[in-house]
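Following are the structures in question.
Here come two complexes built around chain A, the first alongside chain B, the second alongside chain C.
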Partner chain A sequence: MSSLPSQAEARLAPRAAPRAFQRALQPWMRAIVGVGGVLVFLVVWQIVGSQDLIRSDLISYPTEVLRSLYAMVASGELWANLSVTLQEFVLGFFPAIVLGVALGLAFALSRRLLYLFDPLFAALYTAPMIAFVPVLVVWFGVGLVSKAVMVFLSAFIPIVINTRTGVEEVPEAPIRALKAFGASRWQIIAKGLLPGALPAIMAGLRLAVGRSIVSLVAAEMYVSVRGIGRLVQVYSTSDRAAEIFVLVLVISSLGFLGVVLIRRIEAYVAPWSAAR
Partner chain B sequence: MSQLALDRLHLAYENQATGASFLALSEVSFKVERGEFVTIVGPSGCGKSTLLMLIAALLKPTSGALSLNDRPISQPGSDRALVFQDFALLPWRTVLANVELGLELKGVPKDKRREAARRYVQMVGLRAFENSFPHQLSGGMRQRVGIARALSVEPEVLLMDEPFGALDAQIRQVMASELLRIWERDRKTILFVTHDIDEAVYLADRIIVMSASPGRIVKEIKVDFPRPRELAIRNTPEFTLYRKQIWDLLEEQIRNSGSWEQGDVEPAVAS
Partner chain C sequence: MSKIHIDDETLRPAPRRSNDRVEEIGLGVLGVVLLVGGWEYAAYAGWLNPVIVSSPSAIAQAFARQWQSGDLMKDLGISLAEFAIGFSLSLVVGLALGVAMGMSRWVEYAADPFIWFLYASPLIAFYPLIIVWLGFGSTTVIALTFLLTFVTIAVNTMAGVRSVDPQLIRAVRAFGGSRLDVVAKVVLPASVPLVLAGVRIGLGRALIGVILGEMFSSNGGLGYHISFYGAHLKTADLFVPLTTVVVIGVVMTRICAVFERRFLAWRN
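Entry: the complex of A and B
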């Protein structure tokens, strides 16, 4: 997984001049340094935790976390909860993609619609979605549906905003060519605006994955029957640091995998932007 | 019978803020014969590019009439194809897919248009690059794609809007001779806008010289060099005479109009 800047960032930032006093590292060197940093951290944590330099029931240590991970997988506890979280995520995320792209496109095409909804979206973008959990629970119950709606809300807004900006920033020249060769309004959208906005839409999806996983877990912690967030809540009331670290590991892996997956899809559907 | 006829075209723009009216084109009339290569030269802001937009029907004239094969021109169509100064390729499409665009919009089935696109990509010498994206190509290569895209719809008239204006001087000359080589095959009617006098003389059967603000036709000049033409004709005394004749006309126009003081006033293409 490379951590190159995204396309938007790369376009905005002036290309950095190579600095004489700080030579750029080869990619493999960079990987080694990165892994090295993690290793040092793990070793220090192991020593501090296992030697009880800090109370180990509070901070635990790597080998104990691994043992807990094994136990939670073996008992089926992890999967039983993870599968629920994944279902909630999928049920909320895919509708958010479809409706988010559609509304973002509509915003880019219609000034009137934009003026009507823009303030609302600006407010919602900064609002912590978790504040809606009590209402969602009243409306949709404590189960799967209220969490899926939570995912939908958190993912929807960045997708709308990125799609809108992406469509608006499609350069004029290709659209002019489409018109000159007789494209209809729909053809201009399908063959011009949407493919042109695709890199921005994919960046929106990456943003949405992060945001929606955070709100999903938080919502599960607040009230739920099953799910990763539910487990976090249970183990935190029973002072089990090792299990909580296992869950943190699982949650961040989820987000990481989501982002990697989207980058893969992006390289496939928009190779012209990934390569640039 | 002429293939393309422009009859007393006027085009006026209203300035939205001031309400003042700006006359971009005035009394523009000319005819183009089938298979003729006509170049249009004029100072910046003389509306020569605007003229192509009118023929492509991307703009509507304030008054006057345009016709192609005696039928009035009312909307964009594949009987006319544009080549743009900035190439206007679709950056998300490969060379082949870019060339396919015109046929795709006409509803030609996938394998047929792919086959046609391959033929034209080959014709402009980009066979090896058919799966490259525009950003991987040089400017000259990008415009070859633009030309292949325009030719692929088999238009009756090719409208070229300063197609080599964004290229450096050497590439420009090579592209011009390449264009003639391609044109010699089927002698499609070409209307070619440029502000490069040498290019205008080298390419044309006939040159239309325009003035600025408002854009009017100052003179039509027949070019009598035999074809096929070598790049070396640029060094002949006859060529020098053409060059001087056009330059004198343009210089007079530029001084009279004062457009060199006001700067460019070429209007944007209507959306």
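Entry: the complex of A and C
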């Protein structure tokens, strides 16, 4: 083979350089354009807000939002309310996981049971859960319990439905194998059906986190003694846009952290599903 | 749990039999009857506080009352109008944005962070600001509905556009079709399945938007009265708009399923 470049290659060479540069940049394009867009937005927001081009008490501006965040953290106000919200979340979410997976499994194993409850679950699945906030407050009071129940209901239904679908979609072959080697009913459930359904269950949990946090905040906004949603109401009556942005950011991060955490747990307990 | 019927071979429910449909409907009705009957009996026997927990018969009376006074129909009209306007806006903007994002990476990259934020953040927390901008009432409710809904439709439309076979696009271009022809004759028809999935999820989110918006920032509609009767401890009255909302959700999902089946028939 000659070491000289062929004519065709030689002709391509000058144009290949910028193309290679473009290709090297390609994976970063999403980040560059995305961050750029957000920066432009923040700068415009900052200028419009801080110069009072539009009433700044209504739209605030980024540096004021940061200042408010700092003030709310420093005064302990944020944590005092956030801790209540987290408590309500945990109290509702963990029972929802346990009961949701159990009932989802039962639905997948017994068609009779499924038929019995299917219309009620289908109705609850499509209904906006927040519509139940007032009745839960009447039933369980204005405090922590009604919010925990709200979280439970919002999380429970997607978990049940995902667990059921997950169990139904476990392939038959490994279950037959377990059976052939003399596994008991409970062993088949514990070693075959539940691990097989784990990716679907985890997807259900991710869905449930988002749904239940929004329901929880809405419930706190409706009526509560303490919590992030309560703070939203407090600042809304005093037209404080900056603090409301802080609270929205806090709640969004909460949902984001929840989803990240579930992905981490998923990678640990079900590494075979992490690729999805 | 031990009573669960499990097929011995596969630990899976037995395959459908011909009388399954009868059993499904029968047991479904039984489930509802048990719930309503059990609740009514518990209230009748005095196990529950009638003022706080109410009972099916009290709710039926409240329903008759609200039906005759016209309150229910008025609420339903307000909510459905807000729903229709908010959802139509979302559909138009969501489709346009979704097609733009699907056809141009630049648009997608630039829009991505904002869409993610709208998707993940609890928009209802912004209602005080929206009220100041748009005023108390229907406009704010529609704005909230729109913000909650158009994102879902845009994201699904984008996925749908991306799923189009590029060969088809090249063929249309090769035969002299314009970019608009590509969008109208290839991209939109081929992305119908994913767009419909987006529409289905979007309908649910729009309903949430209407109810949330009405609960917090309006003085009419089903959501407003759910919140109003709750605040006045009128549990039986509360259940009338609440049940109506649940029924709307179920009916919408059913209609969507029919549409999806019809539109997707040609795919096989």
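In this text, the second predicted complex is superposed on the first by the 240 of 276 C-alpha atoms of A that agree within 3 Å, B and C clash if a C-alpha of one lies under 4 Å from a C-alpha of the other, contacts with A are read in each partner's own complex, and residues count from 1 in each chain.
The rule we apply is simple: a residue touches a chain if its C-beta (ideal position, glycine included) is under 8 Å from a C-beta of that chain, and two chains touch if they have at least 3 such contacts.
Everything numeric here is computed off the predicted structure, so don't read it as measured data.
Asker: Tell me which partner A:R176 touches in the superposition: chain B (first), chain C (second), both or neither.
Answerer: Touch status of A:R176: both partners.
Asker: Output check: A:L66 vs chain B and chain C. Expected answer is one of first, second, both, neither. What do you get?
Answerer: Neither partner.
Asker: Would you sort A:L109 into first (chain B), second (chain C), both or neither based on which partner it touches?
Answerer: After superposition on chain A, A:L109 lies in contact with chain C alone.
Asker: Under the stated touch criterion, name the partner, chain B or chain C, that contacts more residues in chain A.
Answerer: Larger number of chain A residues touched: C.
Asker: Scan A:G210 for contacts with chain B and chain C and give back first, second, both or neither.
Answerer: After superposing on A, A:G210 lies in contact with chain C but is clear of chain B.
Asker: In the superposed arrangement, does A:V142 touch chain B (first), chain C (second), both or neither?
Answerer: Touch status of A:V142: no partner.
Asker: Answer with first, second, both or neither: which of chain B and chain C does A:Q187 touch in the superposed model?
Answerer: After superposition on chain A, A:Q187 lies in contact with chain B alone.
Asker: Return first, second, both or neither, reflecting whether A:V232 touches chain B, chain C, both chains, or no partner chain.
Answerer: Touch partner of A:V232: chain C, not chain B.
Asker: Quick one: is A:L91 in contact with chain B, with chain C, with both, or with neither? Answer first, second, both or neither.
Answerer: After superposing on A, A:L91 lies clear of both chain B and chain C.
Asker: Residue overlap on chain A between the chain B contact set and the chain C contact set?
Answerer: Residues 176, 179, 192, which sit in both footprints.
Asker: Using the touch rule from the top, collect the residues of chain C that touch chain A in their complex.
Answerer: 1, 4-6, 9-14, 20, 23-24, 26-32, 35, 52-53, 105-106, 109-114, 117, 120-122, 124-129, 132-133, 204, 207-208, 211-212, 215-216, 223, 226-227, 229-231, 233, 235, 238-239, 242, 245-247, 249-250, 252-253
Asker: How about chain A: which of its residues touch chain C in the complex?
Answerer: For chain A paired with chain C, touching residues are 29-30, 32-38, 41, 58-59, 106, 108-113, 115-120, 122-124, 126-128, 130-135, 137-139, 168, 172, 175-176, 179, 185, 188-189, 192-193, 210, 213-214, 217-218, 221-223, 229, 232, 235-237, 239, 241, 244, 247-249, 251-252, 255-256.
Asker: Report the residues of chain A in contact with chain B in the complex, numbered from low to high.
Answerer: Touch residues, chain A against chain B: 171, 173-174, 176-183, 187, 191-192, 195-196, 198, 270-273, 275-276.
Asker: Write out the stretch or stretches of chain B touching chain A in their complex.
Answerer: Touching chain A from chain B are residues 56, 58, 76-78, 81-82, 84, 86-93, 101-102, 104-106, 133, 135-136, 149, 153, 269, 271.
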